[in-house]
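Chain IDs A, B and C follow the sequence of writing; residue 1 opens each chain.
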Amino acid sequence: MFNFILLILIYTAIFALMAIGQNLITGYVGLLSLTQAGFFAIGSYVTAILSVTYGWNFWLTVPMAALISSFFGLLIGLPTLRLKGDYLAIATLGFGEIVRNILNNWDSLTNGPMGIQRIPMISLFGIQISPYKKWGFLVLVWIFVLVAYFLFDRLAKSRLGRALEAIREDEIAASSMGINVTRYKVWAFILGAAVAGVAGSLQAEFILSVTPGAFTFMVSIMVLCMVVLGGMGNFKAVILGAFIIQFISYFPQLVGLSNVIPPQFKQILFGLILVVMMIWRPQGILGREKRSAPRRLFRSGGDV
Amino acid sequence: MKKVLIATLLILVVSIIPIFAQGASESSVKLGFIGPMTGDYGNYGNLISKGALLAIEQKNAKGGIAGKIQIELIVEDSEGDPQKGLAGIEKLASSDKIVALIGPVFTGVAFAVGERVQNEGIMMVTPSGTHKDITDIGNYVFRTVASDGLQGDVSGHYFYEKLGIRKLGVLYVKNDYSQGLYEGTKASFESRGGVVTIAETAQIGDKDFKTQLTKIRASNPDAIYIPNYTAEMAQILEQATQLGIKIPFLSSDGFSNPEIYDLAGDYTDGVIYVGPTQVKESSDYKKFVADYTAKWGFAPDSFATNAFDAANILFETLEKVYAKNGKFDRKAIRDTFAATKDFPGVTGTVNFAENGDLVAYQGVYKVEGKTPKYIGTYTVVDGELIEIK
Amino acid sequence: MGSIAEFFQHLMNGLTLGGIYALIALGYTMVYGILKFINFAHGDILMVGSYIGLFTFDAIRGQTMGPWTVIAFFIAMLAGMLFSAGLGMAIERIAYKPLRRATRLAPLLSAIGVSFILSNMAAWMWGTKSRKLDYPFDNSPIYLKGVSITPHQILILAVVIVMMVALKLFVDRSRIGKAMRATSLDQDTAKLMGIKADKIIAITFAIGSALAATAGFLIALEIKVYPSMGTMTGLKAFVAAVVGGIGNISGAMLGGILLGLLETFGVALLGIPYGLRDTIAFVALIIILLVKPEGLLGKAEKEKV
């Protein structure tokens, strides 16, 4: 039971990283993007391929994962950012599916549907951080989360963050104030992608294998749920959101109910919670951090 | 905030109840099962888990292990995702304290969970993970299903030698099972001098295969090999008929699920498939199919049959271990299981190779109308196809 | 088999695949046109409607094939449509209506929740295995110069065209249709003009859901009925609706057919591995959206300050 709580906390951390990136894109800039699964997959495969095929050390694969993910962030961000609202959502969702599709078919690089196994464990100063002994891994992933939180929160409170918020509130007004809208949007995309790539690296190291089947668009949806459930535009809230979603997902297993209730009930419960939550508190549990001007959250017709 | 507090409290109260309810009773022993129970592949997990469950109910009806210890199966849903599979094994290993695991169903999850059970010292036996490398994880990993390697070997040789096929067209799905069989069969078929003229792929969940079938027909092969799951094969056969394709179809153990005759109707006529041996339609096998169908309302596929055997071998193992030690020790269970000799399963006589693989032969069947007719049992030794009489 | 026949065979295959996408896309586009949100549960409503149709058909069709079988088939389809319409209205009332004034994201997530509930309820109640829906007519192919065409393919294409025309007439000409367009343009103004917007939205949902059931029931003849039958096809259909210009009825049809042809010919002529079919679809989507961000037949919305 206690071990299982540790496991939930590890999964929370991995998803919290993705949620932090999503929050910058959706919570701050107001773009409805559904790409996190794609960047997550890219990060996972970068670590898997570099460490298994080319024998790289994990610590070198992490920056590569971030770099390659952000490159794809740029690649997908530049053209699609012209799109609005649901069009952007569906185009970015498409990108995630393309990534999974290619991973599943590019056999010579990714080993296709068989996936890549035997990823070497992380070692730090000669000490192996085994995913089987959860404490070490737990501390490691949460350090990543804290660093990401610190960096992104700083960033969001800086000039960039204010620019991003201005874009969300009113794009035309923002651009007439001299804000380079496209550039800021692309930056948000790149940073969001990078942190999801790092999350992918960690996921690969925890599972010790990768298969394309694990990166469906449901991952992106889950991450989005975490951001909305916690509270958009609030980095603490999205980490809380990540915990709540993971806790709900694994709750039946945690308390030993998973064998008693039909397996579908877990999913039905999840669906019910989503619906009830949206009706009850559409602004999320904590809501946006209150700092500036009046919010237009309940205005209909806005992008997000 | 008050509401949040009340909700949190409620959740906590609910979480604590089952902890009290979990009294450690000496009169039961727990086995675990991991497979996709929900989502697109929920049907496979469902069929297979029911095979193990049937074995357990039959055993418990006879008093259980040593006539007094009841067996319990704890089923965990993997949703086909390694992350969920790992959560499942974590719970089974540390909360339920299972003595052995049946599953996981699919290769991807089997690799992740396999590493974990090897590390934890819990034996697992997969009834359906066919990837040839699974059992290489370590000595705690077994299977009661033939590996892709063996089935592919027999298929390739049989198609070339006995059916006289020289040009083979293939339509497989990009998942581990289907692609594994394709690669195994291609290697052995081409080692004999045959040519795979065209190998078309499909995506998981596809229902429309007309484009690929049209292309395959244009390449004019002697036969079309379709190593896929039941639902896809039904679809392929039906659409081939719609396109007027007259080329014979060859298939794999996925065809041994009787559901195919329900879904594909008359289109199954003439298909030849390589699948598990059923000791020439033994009475044990017939009884199992009848019991299973009566109990659950649908028929078992070959993987469910493998799970039934896996569970029964585990019972024999547990009996032996309990008789010797008076308790269930995970290491002793692994060792005793590995030493299984000539177990009379419903899929035939079961033995395990050094690496945990099933020592198996392959049966060849030809479908006449809607009934598979047994043709013979084969294996491949040193690149030679040998019939087992 | 000559290569010309092969070409026409691919064309026929692509048209029917596209027809299936178009059929589902019509329902999507209706709902989106009014409410401007992706009804993620559309594919699941399609699935429920197909199950109800299947159960009704198996209950009433009797033993022998005959004219009654065909009538029974359409009665069953109607039953599925009615049930889905009711279900769609109920979902709208419970899960979407309270969110009319919330952020754009709230109804989207609520819809995802509904999708989870529906597909898993179905799996729990009706089991996970595929169920066969028998053809009410002989589906043997007819051959035209070596190209095979099945009655089912013709039926799908015919229904798509009939439905598209009927819907277009309904939305353009009828009173309710006019009210729908008004609600779509501006809900508040429509209300001020005396249009009962809530009622119109409920009707739209009922029609959209009934369309989903029709599509599901017709494609079930080929793909069978199972809990996740609407998921991936539904997603593709949504892509088709977006490509055509979401909210636009002719666009849904155009987008669907185009997507079906692209997928088929991308594989057949360009030699792209079939495994990459989804990539073709989504790359086409992104390219089309880049050239025409509002879709092929969509109207560009003017940005107001």
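Assume a residue touches a chain if its C-beta (ideal position, glycine included) is under 8 Å from a C-beta of that chain, and two chains touch if they have at least 3 such contacts.
Bear in mind that the values here come from a model prediction, so they are computed numbers and not experimental data.
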{"item": "Reference chain A; chain at largest CA-centroid distance", "value": "B"}
{"item": "Chain pair showing more contacts of the two, A-C and A-B", "value": "A-C"}
{"item": "Geometric centre distance via CA averages, chain C-chain B, whole Å", "value": "35"}
{"item": "Centroid distance [mean C-alpha coordinates] between chain B and chain A, Å", "value": "34"}
{"item": "Numbers and ranges of chain A residues touching at least 2 other chains", "value": "101, 104-105, 264, 267"}
{"item": "Where chain B touches two or more other chains at once, by residue number", "value": "38, 42, 174, 201, 203"}
{"item": "Of all residues in chain C, the ones touching two or more other chains", "value": "120, 123, 273, 275, 278"}
{"item": "Of all residues in chain B, those that touch chain C in their complex", "value": "38-40, 42-43, 46, 174, 200-203, 205-208, 210-212, 214-215, 217-218, 231, 234-235, 238-239, 241-244, 259, 262-263, 265, 298"}
{"item": "Residue ranges of chain A touching chain B (in the complex, touch as defined)", "value": "1-4, 7, 11, 101, 104-105, 112-115, 117, 132, 203, 206-209, 211, 213-214, 250-251, 253-259, 263-264, 266-267, 285"}
{"item": "Of chain C, residues touching chain B in the complex", "value": "1, 3, 6, 9-10, 13-14, 16-17, 120, 123, 127-130, 132, 139, 141, 143, 148, 150, 222-224, 226-228, 231-233, 263-264, 267-268, 273-275, 277-278"}
{"item": "Chain B - residues contacting chain A, complex", "value": "4, 11, 14-15, 17-19, 22, 37-38, 42, 74-77, 80-83, 86-88, 90-91, 94-96, 106-108, 111-112, 115-116, 119-120, 131, 133, 174-176, 179-180, 201, 203-204"}
{"item": "Chain A partner contacts - residues on chain C that touch it in the complex", "value": "32, 36-38, 94-95, 98-110, 112-117, 119-121, 123-124, 238-239, 242, 246, 273, 275-276, 278-279, 281-283, 285-286, 289-290, 293-294, 303, 305"}
